[in-house]
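The following pair of complexes shares a single chain, chain A, combined with chain B in the former and chain C in the latter.
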Partner chain A sequence: MMDFSQIIPALPALTDGMLLTLRLLGLSVVGGVVLGTLLALARLSDRRVLSGLAKFYVNYFRSIPLLLVISWFYLVVPLIYNWLTGSFEPVGAFTSCLVAFVMFEAAYYAEIVRAGIQAIPKGQVNAAYALGMGYGQAMRLIVLPQAFRKMTPLFLQQSIILFQDTSLVYAVGLLDFLNTARSKGDIVGLPHEFLIFAGAVYFVISFGATLLVKRLQKRFAV
Partner chain B sequence: MNYHWDWGVFFKSTGIGHEIYLDWFITGLGWTVAVAMVAWVIALILGSVLGVMRTLPNKTLSGVAGGYVALFRNVPLLVQLFLWYFLVPDFLPESLQVWFKQDLKPATSAYISVVVCLGLFTAARVCEQVRTGIEALPKGQSNAAYAMGFTLPQVYRHVLLPQAFRIIIPPMTSEFLNVFKNSSVASLIGLMELLAQTKQTAEFSANLFEAFTLATVIYFVLNMSLMKLMGWVENRVRVPGLIGSTGK
Partner chain C sequence: MTAMIQLSNVSKWYGDFQVLTDCTTQVAKGEVVVVCGPSGSGKSTLIKCVNALEPFQKGTILVDGVSVGDPKTDLPKLRSRVGMVFQHFELFPHLSITDNLTIAQMKVLGRSREEANDKGLKYLDRVGLKAHAAKFPGQLSGGQQQRVAIARALAMDPIAMLFDEPTSALDPEMINEVLDVMTGLAHEGMTMMCVTHEMGFARRVADRVIFMDRGHIVEDCAKEEFFGAPRGERAQQFLSKILQH
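Coming up: the complex of A and B.
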């Protein structure tokens, strides 16, 4: 009844789709972690305004759906961008989605980093100060390396969630893995087979990665 | 740039019947809440059963629950939604298929798919929370219950679950909020919930900025009020004597 043989000729296109998914994932993780770390530092800062802003940012992005954020950055923000710069070049779906993911995920990474930093004993920071280090040095050389080590499993778990969430770019028609599978399946008239295949691939990658993270978790335990 | 700012757009006629744009948002919010609440009930019931199963001494039962969690947590929500909406109906018996595809309104069949999808998806998460809650209880609790002659079902009913459910309220709150946020995927199969109505308003009125701002505010306020509500519930049912029960 099911005919999976038609997936083979579609494999090059599906691979391209997966590459786009992975590129989006990789860039979003890097951008999200960098922005998230900055947000966590701001959140923990002594300056009320700074920590208030960071707190608002995190709460704000955690309370709205990712799809809404994607829509903002795909439909509305490019409009504002073109308006400010006076250019009429379209921003492009990939860039829009990337910015949306970075901004959105940063809120989640920020919470992970914050928890990681707060788990570092205060004596570490005091010792760094006693050695004459400044705030930047203490953070960069003492606190963050330890915090990141503790947080690696959580980072990876969040990134597995993000890997699955990248499929939401379907909403703006970007040809990621899922969307490629959907359109190929429609073209050859076997939408069910392609959908099952797509689901299976997502499952194998996510589940495999989850098992790996569990193993890492044991090794990374400080 | 010719953008016509108009914050009064929500009170303007949509041009369809006597509706104003605000009506669309209200209808959309109604669908969002209807999806989220029913999906949450499914998730809570199924997730609790699965969570209990995972902690049972019986290997088969805990294995089944573990497999369920692995499956539903590692396939993207959107893929699951497409499976429920496009694929599963084709495997139903003939009469049910006709009913689902022809007799039901398109909105109703989309609604059923989303609710089932989101309910089963969230159940896997609820299961993990319930399991964590049960496993977090000291072993002495169930041992003491057994020593008093409780049977296994009694241990769960009278000792483990009443405590576990109370200590997992904070993580359950975020799952509850996630259901509302995740319900926005329904817009991708044509259910006119809040996000879909927002996009439609943006398209019809050309007031993109206003439409998306209103939607964002609605989600934000909804989220914050549910969080407050759950905070209140948490306070009410807090287990006396635990660290969390003192202070604020």
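Coming up: the complex of A and C.
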């Protein structure tokens, strides 16, 4: 017989795990969108070297597994930190994972932003220029606000995928929601119950968010 | 009269294809010049060269004495002094009408919000749309949007206005409301260069008419002369076609 009662005493720990998952998700989305936007602008630049580098970056990170990036950054980030600051203070798995997620997701967000920018008619840029705006102002005030509006459903979709992918941090021992559920389940000897519960939680959150995105898409389509 | 806009031997290529050939003309201060010609003749390209929205490879363009093609020229600054109105209005759809009118005043000219608002609303009133200040572009008709676009350009206190087929995307019943605004501007002495097929407007308002064909300026003469007896065969053909309907 399944026994789900043992989940209740584990709820505080599971909540902490979910908070870590959400914190990692939120910071990764923000960092990923910012870096992704810069990459998209670089890719659309007239300067060949800049756009070539951005293209390489995007293609590279889209071609390797996320788990590899997480494991790799777990080893490399402390070294770089040490090299940059001369400090041997430990960086911590959370920071390493955050850097990995931001760098990895930026490649995906960059493609979304690029498509969004390209969907804005050239006439809008010309109008901004004709009013005396420079490239930066035209992008910041005219193109990107419109592009982001169009891209919001895609951003959310990508973020739902990211929400599930954060569970890969188990590889470096971070106690996110899934890893907490797993270890608690192992401790009390009820691994199945805890994993089923964790699955239900992921499903409710992800599917709920997907429904929300669908509604948003309908609204944005008008 | 001194030339506000001076084009000398302007040539432009898209790859091997030459779109503009040795275009030379000028617009004096306070003058209204209409540029017409069949589609593909390069008239829109020419007017976009004036504020460097299109680069050109040969010749010079001076706007108030500043060379447009000179790489040392501060293009944003130059453009901020020249108003431009587009065929498809190009209002910013994510901004309210008021914000459309004020954003460049504040971000480019550094005016305060109050000053920009006052100025923007003054010109919005002038084009007869003060009641629509809080709306968004999508809520206005094409003719109304184009009038807002004119007000947006005027709010920058331009030394000259460029119109790139301002009425060709409009339904017929909306053309006149835009032409009326342009006529009013011309009578106030605004320096204007207008690419348009509206020959009635040219007849009433223009000082000079330029006729272009295949990237060349074929006719460049006073309005009376142009409508009286254009010399070239192409211009005659064009006029007879456009004046028939």
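Everything that follows uses one rule, which is that the second predicted complex is superposed on the first by the 216 of 222 C-alpha atoms of A that agree within 3 Å, B and C clash if a C-alpha of one lies under 4 Å from a C-alpha of the other, contacts with A are read in each partner's own complex, and residues count from 1 in each chain.
Rule of thumb we're sticking to: a residue touches a chain if its C-beta (ideal position, glycine included) is under 8 Å from a C-beta of that chain, and two chains touch if they have at least 3 such contacts.
Quantities reported herein were computed from a predicted structural model and do not represent experimental measurements.
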Partners on chain A (chain B, chain C) - clash or fit: fit
Vertex chain A; arms to chain B and chain C (CA centroids, nearest 10 degrees): 110
First, second, both or neither for A:Arg149, with chain B first and chain C second: second
Touching partner for A:Gly199 - first (chain B), second (chain C), both, neither: first
First (chain B), second (chain C), both or neither touched by A:Asn82: first
First, second, both or neither for A:Ala171, with chain B first and chain C second: first
Touching partner for A:Thr210 - first (chain B), second (chain C), both, neither: first
Which of chain B and chain C A:Met133 touches, first, second, both or neither: second
First (chain B), second (chain C), both or neither touched by A:Gly189: neither
Smallest distance from any CA atom of chain C to any CA atom of chain B, in Å, after fitting: 19
Those residues of chain A which chain B touches in one complex and chain C touches in the other: none
Touch list for chain B against partner chain A, complex: 1, 3, 70-71, 73-80, 82-83, 86-87, 90, 177, 180-185, 187-188, 195, 198-199, 202, 208-209, 212, 215-216, 219-220, 223-224
Touch list for chain A against partner chain C, complex: 121, 123-124, 126-134, 137, 141-142, 145-146, 149
Of chain A, residues touching chain B in the complex: 60, 63-68, 71-72, 75-76, 79-80, 82-83, 164-165, 167-168, 170-171, 178, 182, 191-192, 195-196, 198-199, 202-203, 206-207, 210
Footprint of chain A on chain C - complex, ascending: 48, 51, 53, 75-77, 79-84, 86, 88, 90-94, 103-104, 107-109, 152-153, 156
